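Letters are used for the chains, namely A, B, C, D, E, F, G and H, taken in the order the chains are written, and counting of residues starts over at 1 for each.
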Amino acid sequence: MVGKNLKSILESVKLGKIEIDEAIEMIIDPGYDDLDFARVDLDRTKRRGFPEVIFCEGKTDDQVLEIFKKLSDKNSNVLGTRANKTTFKKISTLFPQATYNALGRTITLERESPQNTGNILIVSAGTSDLPVVEESYESARIMGNSVSKLLDVGVAGIHRILYNVDLLDKAKVIIVIAGMDGALPSVIAGLVKKPVIAVPTSVGYGANFKGLAPLLTMLNNCSGGVGVVNIDNGFGAAYLASMINKIGEE
Amino acid sequence: MVGKNLKSILESVKLGKIEIDEAIEMIIDPGYDDLDFARVDLDRTKRRGFPEVIFCEGKTDDQVLEIFKKLSDKNSNVLGTRANKTTFKKISTLFPQATYNALGRTITLERESPQNTGNILIVSAGTSDLPVVEESYESARIMGNSVSKLLDVGVAGIHRILYNVDLLDKAKVIIVIAGMDGALPSVIAGLVKKPVIAVPTSVGYGANFKGLAPLLTMLNNCSGGVGVVNIDNGFGAAYLASMINKIGEE
Amino acid sequence: MVGKNLKSILESVKLGKIEIDEAIEMIIDPGYDDLDFARVDLDRTKRRGFPEVIFCEGKTDDQVLEIFKKLSDKNSNVLGTRANKTTFKKISTLFPQATYNALGRTITLERESPQNTGNILIVSAGTSDLPVVEESYESARIMGNSVSKLLDVGVAGIHRILYNVDLLDKAKVIIVIAGMDGALPSVIAGLVKKPVIAVPTSVGYGANFKGLAPLLTMLNNCSGGVGVVNIDNGFGAAYLASMINKIGEE
Amino acid sequence: MVGKNLKSILESVKLGKIEIDEAIEMIIDPGYDDLDFARVDLDRTKRRGFPEVIFCEGKTDDQVLEIFKKLSDKNSNVLGTRANKTTFKKISTLFPQATYNALGRTITLERESPQNTGNILIVSAGTSDLPVVEESYESARIMGNSVSKLLDVGVAGIHRILYNVDLLDKAKVIIVIAGMDGALPSVIAGLVKKPVIAVPTSVGYGANFKGLAPLLTMLNNCSGGVGVVNIDNGFGAAYLASMINKIGEE
Amino acid sequence: MVGKNLKSILESVKLGKIEIDEAIEMIIDPGYDDLDFARVDLDRTKRRGFPEVIFCEGKTDDQVLEIFKKLSDKNSNVLGTRANKTTFKKISTLFPQATYNALGRTITLERESPQNTGNILIVSAGTSDLPVVEESYESARIMGNSVSKLLDVGVAGIHRILYNVDLLDKAKVIIVIAGMDGALPSVIAGLVKKPVIAVPTSVGYGANFKGLAPLLTMLNNCSGGVGVVNIDNGFGAAYLASMINKIGEE
Amino acid sequence: MVGKNLKSILESVKLGKIEIDEAIEMIIDPGYDDLDFARVDLDRTKRRGFPEVIFCEGKTDDQVLEIFKKLSDKNSNVLGTRANKTTFKKISTLFPQATYNALGRTITLERESPQNTGNILIVSAGTSDLPVVEESYESARIMGNSVSKLLDVGVAGIHRILYNVDLLDKAKVIIVIAGMDGALPSVIAGLVKKPVIAVPTSVGYGANFKGLAPLLTMLNNCSGGVGVVNIDNGFGAAYLASMINKIGEE
Amino acid sequence: MVGKNLKSILESVKLGKIEIDEAIEMIIDPGYDDLDFARVDLDRTKRRGFPEVIFCEGKTDDQVLEIFKKLSDKNSNVLGTRANKTTFKKISTLFPQATYNALGRTITLERESPQNTGNILIVSAGTSDLPVVEESYESARIMGNSVSKLLDVGVAGIHRILYNVDLLDKAKVIIVIAGMDGALPSVIAGLVKKPVIAVPTSVGYGANFKGLAPLLTMLNNCSGGVGVVNIDNGFGAAYLASMINKIGEE
Amino acid sequence: MVGKNLKSILESVKLGKIEIDEAIEMIIDPGYDDLDFARVDLDRTKRRGFPEVIFCEGKTDDQVLEIFKKLSDKNSNVLGTRANKTTFKKISTLFPQATYNALGRTITLERESPQNTGNILIVSAGTSDLPVVEESYESARIMGNSVSKLLDVGVAGIHRILYNVDLLDKAKVIIVIAGMDGALPSVIAGLVKKPVIAVPTSVGYGANFKGLAPLLTMLNNCSGGVGVVNIDNGFGAAYLASMINKIGEE
């Protein structure tokens, strides 16, 4: 990428060690593969620690397949989110190793087991939040994290959380997933000194307004130490958690 | 009011015990006093258990005074809410007994001590919610309720609530006042079998959106047993609490 | 639960009457059964007066069944809300006594008739509000309340309410369900000294915005004495009404 | 204006009765006076039944004065709305006959008494709605309408309206002004066969959201026969009422 | 209804001309028929000039049929809005004279031709607004109004309106129906001295937000003389127009 | 249209060169064809540079066909947007030359190849934005513009844009289409001195709120030089781009 | 900037014509001056056609002065927007040539008269929109454009626009500024084939919601050919207009 | 706190090592000091890593002072946010060592220098975001973090960021503060593998809607790895960053 190693490249040019065209590519390496309808970001692992992930919603099955193939050429493991079963079927014909998590709607191709380290804890408020839990779980796991779950401990029965304070304490980073009032992250963040990632879900009665209510609750949490991601975005929470979880591991 | 005692009135008419004009007034008793700019509802105590309360905001000092005088003619005690200090000064010239709660912005004229019964507990999440607490406290007290307070026990330190579960258990009805994430009513309702009245406040950072965030949280509470009133409406919460608190007392 | 009876437990420990492990369980009794995907709150009747209720939306039929079985092991009566007919069919295979209210979308298992006491009145503005009425009715009834209904008395024909003021007066607590302009609770609360629980419904033309319009109307009611619950949340209204209705009955 | 009397103008042109330039002016008569910063619509009385009205907010005092002078050259009566006292003072130096309604914030120059006909009734829910009442009253009166008021009859005391059904019946068109829950127009429209114009006001507690709540209530009124105007727009209601009131009078 | 003719009723009671029970019914005549799930408002023609109209959405076919039968017993003509074809089929088995407007989704039973008077003009901005036009047209017609249409004259081609100014001038009241930017009522109101009723429709690209955009445009119209009804509420516009149109006709 | 060439028309009238009726038509030429349910704007090419375009959503297939026929009588090329496949099938029976872009949902009848000039560049952030890209592409092309595409260059991989700065520089006007955060137009506008037209799309997780998020982002772009069109409105962007692109070409 | 002239720079390096450090600066020329609290973008004229403009709101007077000095060192002309009079006074002490437009709140330092070319027409709906008009006018002028104004021609009097169609036709690009209903851009765009830039203003009654209403109107304009900028953003409109206006001039 | 060390406490009770009352306090240690109007959370350092922080907004100066004194009794360092200058003056009389950051509105009492470790980088888009930057900086520093700043590098000049990629790479966690379009976090997150905390600010033109626009942008960021905090909440970002920054340091 631009701005990195520029000096040494220029020295090589000066010394004639590399050609000018080669230098240009090194300086502004496109870092992507042009599929006409998509530019697959091949540079992403180096830059961000994990290859590009396919957000399948709004793409045709053929488009997903094309991108999947391209990514699988350069990476051992591939992740697709928000995938329908039909998309998965198309993928699995070519990639029989790929697996599908129906609840979490993820496709994972795992040809090389990641070395799972650290400790991400996924906590959820209710059973209806499970699809987001699963998207988050699959994403965090394939990115090379140790992940555990503590489910259905919403604040309507606060003792369910208190009884599990130990689990909270042991985690390095905590993902808290909740719909309805979205109050769980406030309570959990108030109990620990670990970073909390809050995920609002679109679960609830009318004034939930498709996740707006828990989203605002979480942004206004009075405990501090909470970062919020998009509604139902289990993947996004996992991505951020993974970055935090790997601090000090490298 | 219409629809009540109609039969006995008609019988009195038939028997010539009362005049027709008198009967008309009994049937559709206007029940108000016309101040030209206001119709003071004199029938309210009979109908609702407490005289009309003056919402001072948006009224001139003179208008408040006129209504105050009219109400004090027919009732021992008068309550004004959202009152400025200047309005109070005008009132206190005529009614030296009247008192002003500067934080709660209430004017109270209490010429006859109400017999305070039952047990309303007002719980608040933070110190910045105090103005709403005070409006609620003054209103509930003058309506003839025993009222106590448990302040600054927001969910960021959940032990502050747990340590006071006894107080919650002893109340007949609980008012919970909270800004920011508004998560406190969910937690409290989950701990007791008492009705909880939730009051969102406009306290907090930007995405509080002047109380919208805690309002939605409270409407979406996952515990059940919670009724929500308007943002910053300490008076409204007291009014409802008073009605509940008096059940079984009459 | 934490904070209750702690002293006597400790004394028993000191005296060697109970084991330390036993004491721990008594102090922080988890009070739930772990179904892996769900933590069924078994402590709820003691804490809140009625067992956990199953919100079926967003759960698979199998998940509902598992929770239903667990709850029916410990309680005579079980309630599920927002249930599809297919979910009910699955339940009824195992629980032939269970009944389904198609309009209200509730599943009820009633193996022990509750002793219905007090007097909850459910009032609705229009015929299109019936699904919410039925959810509310079934919930209130199985929680052990006497419940009656006064339907289709919206403010477009105010005489329909006036003609039934007696019914309002006789109730201990009133649930008012209305869509469109949501004006009914304001009018009813102005006529009685009973607590009113207002339920906005998502019925109406475009600017109803899925219940937002009546929700705001109800929160802004000018009568006082009104607590608002979530849009279309007939269950929540019943839950709160039940708590109020039982005051003075115990 | 374009499209009117075109045939007769063309015939006059053909016959040489009028000059071409004259014809052009007649066909696309600009109908305004160019003040550089404003184009005063001098054609409005002919087109709309009343001269242009000055919305003073956001204009400097000098700009208001310029427009006022221009309008007073061509019309006997002039109306300015949303005017500050300082603006009025500037106007009154030149137009000592002009009067200021401090509550309604209107400036009126009435050099020729309009012949007030018909019957517009302005109804308001509470005393805090008076500024909108006054803007509406002054506007309707100077436009040549008979106007009466029925104030402070909000639905919290429904008997205040019922006692005055006669007044409603006698009006030709009714303006209903209400803040908070904005429920009054629904009730009134349900009692009469007269057109109702509803004006939401920005009066109330937090979830009034500056008039949004009563605006939605009024748009969703279940009675029918209600047309809604902008929040706090007493002038707009008067304008529409005047048009309706004059039907059949001409 | 309450408050009307009370004096003469009481005199009759005094003179023994009528029985007390009879008098009670006259004074607080319920004016409705109780169908258990619905209270059909039989008093409405007298009070409001047209019988109750059935809003079919959210009602089962059987419920609609029951109400339809009840209304047809007391009235010659019946109107149902927002009706599905299946509902109509059920109705037409019993009422073969009933007709269905598929675009406007109205059912009309017209056993007595209304004497159509006055002049309501329905103007629409685009072809996609036709369903609302038709609902409005059918409603206005059966309520006894002369109705004409001027379609597809949106402001993108302003000459289409200018060319038809005559039609606007001839109408007694104008209904303007528009989606997208909803600018048409502003322009039309600026051209005439007739009351304009504006109906926003939910037609348009994303930021139309289901009719919110044209709704706000219409409420903020700068011309004055415009009353706004709910989104897509063709019926409501017709109802108001009918009331205005009949002024001076009685 | 009104206001153009008026003088010369009048002179012709005066000189008897044209008849009065002819003159009237010339002055207020309706410029449309009345299809009863629609007024097809036949004047549009002259006025706006391209014939009326059919927005097919919300119209029946028959209505689209009627308008299509009318437009094809007067113009070589016809464009329909937001068209379903079934609508296209109906059209293609009569117009076998017509083509359908399934992704962009456009129908184009191109009987005369436009002379494509200038240089419009369509840039998109992600693959899921393709439907909007295609609507924009088809629209711009048939309006006679040279159009090229640069796809899937969202800011998550900023190097993809930097690598293509040349392309940006060569364009005369740039359309930028993005969902999710909608950040791409800000970055691109900051790199060039060309006008940028930003199109928000409804692609993304929950808090995208159907395109509201990128819409606000684009309106708040900190770079300047950006004009925003409606959510998912690829056609609107093309229309504006075409007008800009043709500046200096005429 | 990155990506431009890279090849020739590398060749110069290879040939030893320039030093490596020099080359680095050329490749990733920071293009800004670091004021510690601000990074003044000195590269902007080259990249975007006009130097960085100072948005004064939210900056202290000292900060504005520092940035102003820095920009005036490198450019002849400097523009500041949203400036208070006190800020201007501070600036004018050092830059006596600087001028202040009180209505538009702009500071301009014009040491070299721009050669004004093309033709931008600024149209406004009402007098209250003048502050935005002036911000737009000053910005466009100093950026080197010929600018004219057509003020107060809102759609309430459509003839004011029709009478000036010639002016619209002569412009190369039109800025239309309107508050309230924001309908003016729809009408104007329908009359011309010029690109229209629409600016919503925060002028109006309550449901204007600080410019939201006209913003949505403009985004939903049914005419096409309209690009929308932020509320009250006269500067942004000028910036975009300037880019369009200069097409074909270079 | 509840749930920790329970076993060893019970064993001590059993062995008679501690008294029952002492044990109770250890088990449910209130962990706060009751100031009547506030419950100061004294347990917070142990639980969360930093003492309670005083949010001064909405508290009287006396209340802040009381809480400040209480906290300073138990902790070396104290932090107050959103403090007015007058509040600071009151504090500084008693605590002359306390310092005030006028831009960031923080009061800090630092009697013991924290050992600043790790590396938090605060990046801002524009100069107007400085108040939030300063609040964040002061908070992070006193919590014991090494903090550096990179200011005014908004995406309007993308080279300002690219030129500083090294700084981004060196940080352990990055706080990105931006108003207007809020696009900066998306771009920065796309360049690094570090967790990014995004803070929307309320800086910008009208459609910024007091920070709503950048808030939504940040929640919808397409890069991943971003956690969002409340609008203008520099403190909250610092709190979360501090927790992340200390991972692996303990």
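We take it that a contact is a pair of C-beta atoms (placed from the backbone, for glycine too) under 8 Å apart; a residue touches a chain by one contact, two chains touch by 3 or more.
All values derive from a computational prediction rather than experimental measurement.
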Over the chains that touch one another, what is the least number of steps taking subunit C to subunit F?
2
Here the gap between subunit A and subunit H, centre to centre from mean Cα coordinates and rounded to Å, is 25
Gap in Å, rounded to a whole number, between the CA centres of subunit G and subunit B:
53
Centre distance in Å when subunit B and subunit D are each reduced to the mean of their C-alpha atoms
37
Numbers and ranges of subunit B residues touching at least 2 other chains:
1-3, 28, 47, 126, 156-157, 162-163, 190-191, 204-205, 207-208, 212, 215, 219-220, 223-224, 230-231, 236
In contact (per the touch rule at the top): chain pairs:
A-B, A-C, A-F, A-G, A-H, B-C, B-D, B-E, B-H, C-D, C-E, C-H, D-E, D-F, D-G, E-F, E-G, F-G, F-H, G-H
Where on subunit A is subunit G touching in the complex?
2-3, 6-7, 10-11, 13-14, 16, 20, 23-24, 27-28
Would you tell me which residues of subunit A are touching subunit H in their complex?
1-4, 47-49, 53, 162-163, 165-166, 172-173, 190-195, 197, 215, 219-220, 223-231, 235-236, 239-240, 243-244, 247-248
Across the complex, what residues on subunit E touch subunit C?
1-2, 28-32, 36-39, 41, 43-44, 47, 55, 57-59, 63, 67, 200, 202, 210-212, 215, 230-233, 236
Which of the residues in subunit G come into contact with subunit E in the complex?
125-126, 154-158, 162, 180-183, 186-187, 189-191, 204-205, 207-209, 212-214, 216-224
The answer for subunit E against subunit F in the complex is residues 126-130, 151-153, 156-157, 159-160, 162-163, 203-208
